[in-house]
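The first chain written gets the first letter, and so on, giving A, B, C and D; residue counts start at 1 in each chain.
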Amino acid sequence: MTLLEVRGLGKHFAGLHAVDDVDLDISAGEITAIIGPNGAGKSTLFNLLAGFYRPTSGTVRFKDRDVTGMSPHRTVAHGIARTFQTTNLFEDATVLENVLSGRIVRSHSTVFDAVLRSPRHRREERRNLDRAMDALEFTAIADYRDEIASRVPQEVQKRVSIALALATDPELLLLDEPAAGLTEEETGGFAQLIRSIVASGVTVGLVEHRMSMVMSLADHILVLDHGKEIASGTPETVRTDPQVIEAYLGAGHHEQEGTG
Amino acid sequence: MTLFIQQLFDGLALGGVYCLAAIGLTLVFGVLRIPNLAHGTLYMLGAYVTYFFLVTVGVPYVAAIGLAAVVLAVIGVLLERLVFHPLRNAPHTHHMIAAVGAMFFFQAVAQALWGADFRRMESPISGNVTILGAQVSWQRIVIVVTAVLVLGLLTWFIKRSIHGQTIEAIEQDRTGSSLVGISPSRVSMLTFGLAAALATVAAGLVAPINLLSPTMGDALSLKVFAIIILGGLGSLPGAIVGGFTLALAEVMTSTYVSAAAGEGIAFVVIVIVLAIRPTGLFAKAVQR
Amino acid sequence: MTTNVSPQRLGTLLVALALLLAPLALTGQDYVLRVLTVGATYAIAVYGMNMILGLTGQLSLAHGGFFGIGVYLVGLLTTDYDWAFWPALLVAVVGTTVVGYVAGVVALRTREEYFAIFTMAMGFIIFLVISRWESVTHAHSGVSGVKYPESLGLLDFSDPMLMYYLVLLFLLGAGYVTYAVRRSGVGRTLIAIRTSEDLARSVGVNVGLNKQLAFAASSTFAGLGGGLFAAVQGFVGPSAASVDLTFEMLMFILVGGMGTVMGPVVGTFLVLFLFEFFQDFEAYRFIVVGPIIVALVIFAPRGIVGYLNAFAGHRRSRGPAGGNETGNRSENRVPDTTTEAKETL
Amino acid sequence: MAPTRIRSGTAVAAVCTGLLLATSACGGAGGSGSDTIVIGYSGPLSGGAAAYGQNIQDGLQLAIDDLNERGVTVDGEEYQVELASLDDQYAPNTAATNAQRLAEQDDAAVIYVPHAGGIQAAQELNSNRTEFLLGAYSSDPKIVEQGNELTMMIPPSFKSYVAPFVDKLTQDGESRLGLLGTASEYGQEWTKLVTDEWRGRGGQVLSDNSIDYGTVSDFAGPVSRTLAENPDVIFLGGPSQPTAVIIEEARRQGYDGSFLLMDQAKFEEMEEFTDPENLNDAIGVKPVRAYDDPGTDDILDLYAEKVTEEQPLTSEVTLNYQSVAIVVEAMQQAGSIDDATAIRDAIPDAIGEVDDHFHVSGFPTEITDAGHLRNADLEVAYRTPEGEYEHLPIEQPDE
């Protein structure tokens, strides 16, 4: 079943075609990876899917609903969560508080509930705490819950941002280079985590540089270059595609951070 | 028609004063990102120190303004060192309150030194000239000419001198400039000193057509903020265009609408401009 | 929840107790009672500032103006239009909320310094309208004979002590609302916005709407404080809507501690006390008060309550506290350009 | 762990209780011994109106010094008179708070407030609980129209001036009035009265160019606007110094008509700020030096000696000076230093008993039932086109 269907998506910034006429299908229960050299438009594509940018052309449908150009707070409510390439957390709050903020979108109690401490509010607060703890345990960082987010190790921070995204109860989780800057060993742990996320029923979209990780994880790969799709298919097809090889060789060394 | 010409010149003179005061403020903002609410009090102190040199000491008018500008530059540097430097990493809320504290202090000091009563400062420049039927005083012409001159010099300074270029560099990219070995600390002091000196020149020019009092900077402070917001925070051309625009708007509104509307027009203008362009007329893409 | 009393709770309790018992200690000292009552009306408004600035991180400088609207709605309705106090207060509260909401629609298009200056301009326009619209507001002549709240049963509010308790009741209400908001998802939402608008957006927060609501709520408090202020004073003039008042309130909240529950109360009373204390120095008091303010901002940037909280939070072990009870332990950090998280009380 | 908790919690509480205690203690320090009469004063001692506030303060202090020198005996006991001043920065609500503090903590039975807003705010107080006699220095007649029984209005009402001023300046058929008054509280009231009076006589009132004298950076604009309509008479006035600057600007732009001056502007002060020639053909209140009351010369000397030689003595100082003498005399008559009502009731008798020394500039001859101190022979001053002062007696309306 296709969870997310992208047709003819484009985004132009002042004469630059950051994303140009991209089609993409993300199937439920799979890991779909988006790869490409620096500046290929990977992150821009994510931003378009999550509603951070408004596309200049094309459509995005999620669960058969048109979400094109919908603002992020609504796409999150519909079940699309994302993480950022550079780890982005509420730095002065604790790990648990960070993850709790992922529950905002699933909370329905109002200021009045809070002031009156209505049963609904209390029920919800309890549930939020439970879900946040679930997410922390799922990402194996429950021990850090009372630490200030900016003071925990980088790997933990990255896990916090995933836990935060998971706390929003997504159906589709968009991970933007989740393992950037991690050691080989830590990366292995992340691959494991991503697999278990999919196993728990959340579909994953992944932007990643490390070929090894992508090839071993992804069920489906989309390759972008200069905002255009140059190939798509299973890891096997993509790996042998001459255009992909050329793009990667032509782009030279690609193990760097970039704005995709 | 004569009235219009008359008001045009009055507006230009007022605009010159606004510009000189606004440029200092916008520089401070552009370089240090400090909304310095105490700027109006520096202007007030500038006027009193000019008065001191002119009347009490008895030096000539131009020299009095120059000396006062130097004194105020020192006060500006002290203000930066003692108040804003310790707060360099604090949010702008803290700057604003600290500036209010400084404002209280300076006003009380001025009142203690010079008294609460109004002072009059005579300028050696007197007489009128008739331009297209309008009576324009020489003092006002001097204001406009000086403003243009100072603005020109300032632009030259920023483009040509090392220190000026430093200011511009920091304005454009704070982290980058510290990498190439420019001390942000020195630039901060320089900017504050320059801002205070410019405010002094403005005050020295306008004092003869008005009166000195410890609260003379209060009204100006608000207006100057309106100007730099209108022009876009940190933008020099913005401050110049904003200064003249607001001055002319004020003068013309009070002429052709009502005096009360003239007092409020500055604020109505910013509300309208920002409602349409939330980052001012000459907004620069400011990376925070 | 821990069962033993946390230092914050104890502190809160003691402050509340001090405020409750103050009139008993002050019999025959109507002046101090008056300072406290007026201070309490300010503190209510400062809670509004806390909502938009402390929790949501938006520096609104129109607050004195909104306070003034509350003041004048009650002032004018109970005199020129001969309304009773209570409906006038209701109109003041609803009116400022509506004005705040509408103003927010435009104001919140701007960000950061622009927002600050924009709202300052709005505040100044409100002041100009109040001080110049003679036919309605009586401009500088002011409004005298503002009604006391009508007695409720046996409670006659022309008695300063009862008036004090009435205002105190509203103040406690404002404090409680802040507390409830602070520890609920709503508070989490606002703090998320304060910390990072982008991240807040990505976790599904409707940033625009929530800022809008926080802004409206902040003006609600301002209107309530203003309405009560008018009744406490009996006479109101345009200075009750001035930009200076905004900065005074900003000082209160900064000294008390932004984003904290007790900050507005502690800050307001402390600064007012400072002002009253130095009155004996007449005009020269500002030579002392000015540097004190600067020093407070430099050396206690997080305010008294913020500091005490950090201290208390630091000492507390990493216990089994419920999530929203965890204190802030980042007191050693230099304040960042984003307002820091200051937790709980 | 427990001790720290308590310590930190107590700290918050300590701050607050400390604050409460300290607040109640403060001000008490300035209080009065049993042999002291405290005169309270709340006025603008800082901010834009500080100069005005200091003038009033000077007047009160001069009178108090003179009284102490002569000795004050009430009900057989000797007293020292003391002035307790607080700054209100012209804010009505601060004035009320100050008044309450002065009444309660300093036991002041008489409290001076020199601005209409503050006076009205203080009236809300003394009509309710805290009893004190309000020394109201404002020429705005509405301060005695509220029926407050403990108000003593000190200066002549500005209503008294309007008709005679207009009479004088319309003698040659002048019909166009320009408005350039200050936008302060009674600046606006004045503007309204003058407008009504002028229209009532069929004259033409031109556009209202009232501006806030304290905040405008350049007066040339409003002046040229006013002149563009060719007025015969310009109404203006606010604090003397900016008024003088505006007059100078008008003359510079070629205006040769007359000026109708609001009572806040004083000839003697304006003469210091601009070439006195500019003031020719203007009508305003009578300068203090023009009086030849028994104490006039003394107070002129005293003021120069004790206060300042740089500024002239104005009625802002002398009217308050006289009123303190009246109040203290009333205390002596009433035999009480703290019963505000008794003191107020004794004022009519006290007026006649005050030593000649305190008669300096039109000493009051009566206090109306509403509480207005008035001199039956009030005069105003007209500065002729030749620069001579003419003094004209005026009728004061009934109250």
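Heads up, the rule we're going with is that a contact is a pair of C-beta atoms (placed from the backbone, for glycine too) under 8 Å apart; a residue touches a chain by one contact, two chains touch by 3 or more.
Just so you know, these numbers come straight off a predicted model, no measurement behind them.
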For chain B and chain D, which third chains touch each of them?
C
Centroid comparison with chain B (C-alpha atoms), farthest chain:
A
Identify the chain whose mean C-alpha position lies nearest to the mean of all protein C-alpha atoms shown.
C
When I count C-beta pairs in contact, which pair ends up with more: C-D or A-C?
C-D
Hey, how far is the Cα centre of chain A from the one of chain B, in Å?
49
Report the inter-centroid distance (CA atoms only) between chain A and chain D in whole Å.
72
For chain C paired with chain D, centre-to-centre distance based on mean C-alpha positions, whole Å
35
Distance between the centres, which are taken as Cα means, of chain C and chain A, whole angstrom:
40
Where in chain D do residues touch two or more of the other chains?
45-46, 50, 183
Mind pulling the chain C residues that touch 2 or more other chains?
132, 283, 285-286, 336
All pairs of touching chains?
A-C, B-C, B-D, C-D
Chain C contact footprint on chain B (complex, rising order):
29, 33, 35, 82-83, 86-87, 89-94, 96-98, 100-109, 111-112, 116, 222, 225-226, 229, 233, 260, 263-264, 266-268, 270-271, 274-275, 278-280, 288
Residues of chain C touching chain A in their complex?
176-177, 180-181, 183-189, 191-192, 195-196, 198-207, 217, 318, 321-324, 326, 328-330, 333, 336, 340-341
Sites on chain D touched by chain B in the complex
45-48, 50-51, 53-54, 183, 207-212, 214-222, 224-225, 228, 239, 241-242, 245, 249, 252-254, 273, 311
Residues of chain A that touch chain C when the two form their complex:
50, 52, 71-73, 76-77, 81-82, 84, 88-94, 96-97, 100-105, 107, 109-111, 113-115, 117, 121, 124-125, 128-129, 132, 145-146, 148, 150-151, 164-165, 167-168
For the complex, give me every residue of chain B touching chain D.
2-3, 6-7, 10-11, 13-14, 17, 107-108, 111, 115-118, 120, 128, 134-135, 137, 140, 206, 209-211, 213-215, 218-220, 251, 254-255, 258-260, 262-263
